[in-house]
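Here the structure comes first, spelled out in structure tokens, and everything after it is commentary.
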């Protein structure tokens, strides 16, 4: 049965896999000190017009979040996220596992807002409570929305003014990068203290590229990487993949493609008058459907159940990726329209 | 310059890479619940004649050690290792990072002995000191030696009798498995509470297969995996690789090949009368050489400096792998003989 | 200015201080292994009709919570509390500091309810989320309310049925013990996995007596005590104080006295028609007052500002204790009545 | 039976206890923000001629060590101690419990030396190993020896030159302060990054005064205190005790007295020709005795068995304190002489 469960159901984008094949028998030094990691760092630095950025390659998203957040925070400091934030819900307490509280507030359209941060700051006033020190956001968010360039700039101005770090989780960054009102990689670099460029969900076999902009958060990060079990022996594998994704436009092409595939399906839902939980043109679709419709879909496709809305309606999630078959997307849309 | 620095200088064994290529566009569920992980688990269970073993796939060695050791120990418990143990020296305090002391004693031929464990037990008698609860060993050891079947059996009897877990780090397990007096995978499963089958240094792109034998250490380990950032989204990548390595004899063939390559070089050192620090027939060679000889070698080859012995002598390490060129090994040997 | 800020503004109850004076020059062994700790344990065991309870004495409440909760939970497990729970708000992330998430839900009258626990269980279904394993409640609660015997019994039945531990923080236990519908110490012991009898806020210089009922949570707790820096060298100080408080009725007399002092003040607020945020007859009063009234009070007394209700009203907290001067309580009441 | 087991067998020095009695019914604010804590801080600042020192009061030594060391170190950093260091052996892994490795080397006369630090620095060269960042020493040491002023100055110069913090555990500081060649409190403040003035073993009921000199280690330490469960509700108890001990010469008088009591006993051993393990004139005596002699002693006194030297000899420890009865010390000496 064809799966729209997520954007990591297949292996790697063919170009990425080819690069791994082509370099397989070359000898390199280990642990990310090789020439491919250097080349990948160079293309990232070029994209953000900043040769001083500190770039590190890690294997997965939870690992990247826990390794960096625990590096940036002192023992008694906390990170702010919205209630739907990945670090709050879907990482089995890995941030708390490194000793830090995740302070949350109900999301607004999947996002963290300045009001919500202010509210948390106002209620954390002395040493009997944790000290908020970082704001964690995702681009795209867990609900498929994204921060516009303006929103990101305002957030960063606010966090700067309040002595907070701003950290952006870009597990699905490509899906946002190609939106006309969303920040470019250069904009993100200018308006965060650190961010990561997702690979796992964007065509790599695995891997996330952490980019540290804040000078105070750069020193000795490689020690932290190793300390948290996050330094890959054959680090080159990450360098090769990110160099392939980022040296030209492949990363953005993947983002555009998966968004286009999602749009084929989203349009069908809209044409049939179904209620979309959000309407961002990214690669995740959240739609509320009659249970019978969900049943029909599930005869042919794997989709994710998000929650029961009421006795007749359910919310499901459909995710597209670089690997989504256009034919399957069209068939899916056709099926919806024919209901 | 040709590198004998380590056994992870190249990508993956061609058969492993082929399997990744062949399956690349298949859809599977994530996080290690796919059919390839199941097949890899099945071949491991067959090899150890035990269908109840709990098998999990992780990305790297430090990650596997810290995730499992912290899972098995209570807050106040410690793990015993020899001073050269990987967890003691080369993991940037990752075990301590999870809250646990590593209790050490000088190694005997790279190994942990019963006497050394007894000595530590004798000096940890009450609640003002940590409680030793696990013994960590490596096969092969950091010095290229290995535990014989008898040695492992005695160790396990001793740890069983003293309410200690025995955990075997098999990062380079293949190099030991093919020794006639070394324990088979079945022997290891019978004589440890848990062990891992190394992939990273044995022909995989990356990956270690943790095998938990002790019933008390099985419950909820997948929570721990995720909690420590060690659950790979595309878990299938690990399943595919370990299935390829272990379904037939590929894993042992790799072990035998790398040992054979090492022996070509080791024999040259012995024929020239150089002093080998140890003489196990595994894939690591430690040899004490005049500094001039080291200089000559380094004109053509990358090797690891271990330590200065005195003003004239240095100890170096040479490592072979599945990827070692036989021609380069022979050239190296020839060069030594011609000195 | 006379303080109604809290119940730890003075030193120790005179009888407690006398006992410390009387025993000062006696020699005892350290770390809680002395005869006074044994006597204190014995009177606790007698009160709960259970000679197998595991009793330990710690210095403070945050320390007791973090030491016990981290002892009971595995790495990936979480503790459930209401949003106002002390461990959630007022312990500077100490529970998270030991690696564990605090899962919260808005309180109902200061309390945790079965519905709220069920709701959290329902939304934590797999290994991508923390595993709820303990429910934390306080008696009295942070809002001065208390669990009735029936409520505690239902909670315990529910936690038992759902494989959760129930842990009761009794920092202000005495104020609840003397309520006719509240559980006795015996009832609490029967209906929790562990609880602590507060000393710091109940007449001791300092100290909390942790009572572990669940057999599985007893082994090696003294190691945990020391590991968390919570084992007092002169442990006798805790034994002497708890023996004094608990050998007769002193503990309950203190609870009754502080409640009576609070009632003098509470009655004045009620007689004047002010809105009490809660009406439990415990030693904490939460009352919403016009800002002018708060100003008048603060000319003579120290009270705690809880929150602004609106532009005209504020909520304040008044706390009484064993040390509260009856004359000051009556003066305070008189002042309110004369407004 | 009279106990020479340790220096915390009794309660508090009579003057300390009197101060607690005298202030018992005064109201103060909590958590160390009261006037007594301020007065104690003032006298400490006067003694070290530095009004910018950051002074905090904690309950016990293990708590002080773990709270401060984890505050000062980043995740991947380690603390250096000698093998006999209290943090290495007798704190049940509490430092590791906060995530940090303790790097050790065999002691020299109970002390850490520059050579030993250099040796550890030399073998910790890259990010695959922990990064040494602090040196931990005790004054007096676990073996009753002490650092001279010159030794401390050299150590500090060395740690400064190598970007290491120097932290001095002064659990038994008074016994050293009265030695003519030992550093004064002023000298210690000038030659460490932080130190603590012990109370528990020096006449207080409990308590240690942490003095932070290094500007970079001062910010937000009160958050850390609370986070680690180390902030006493009735903080005044610590202020009152340290003010009493330090406002005049009481602290030094206690040190001189306990040393004098030890000397009475030490002299008897020397006169009888017994071999003292060390000969510093502090309050701990380590002596190697025939087992028969130990037996005789134990008919009348409690002493600590340190280790078996051989089949005929044992090493025991005798500790004196402010509370040691001069008559008992003299009787003990007489008993030795009459053997």
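First chain written, first letter: the chains are A, B, C and D, and each begins at residue 1.
By our rule, a residue touches a chain if its C-beta (ideal position, glycine included) is under 8 Å from a C-beta of that chain, and two chains touch if they have at least 3 such contacts.
Nothing here was measured: the structure is a model prediction, and the numbers come from that model.
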Comparison of B-C and C-D by number of C-beta pairs in contact, larger one: C-D
Remotest chain, chain A as reference, centres from CA atoms: D
Centre distance in Å when chain B and chain C are each reduced to the mean of their C-alpha atoms: 50
Euclidean distance of C-alpha centroids - chain A vs chain C, Å: 42
Chain C and chain D, separation of their C-alpha mean positions in angstrom: 34
Numbers and ranges of chain D residues touching at least 2 other chains: 75-76, 91-93, 97-99, 127-128, 130-131, 223, 226-228, 231
Residues of chain D that touch chain A when the two form their complex: 31, 70-71, 74-77, 98-99, 127-128, 130-131, 220, 222-228, 231
Residues on chain D engaged by chain B in the complex (per definition of touch): 75-76, 78, 89-93, 96-102, 127-131
Contact set on chain B toward chain A in their complex: 2-3, 5-6, 8-12, 14, 17, 20-21, 23-30, 59-63, 65-67, 91-94, 97, 200-201, 205-206, 223, 226-234, 236-237, 323
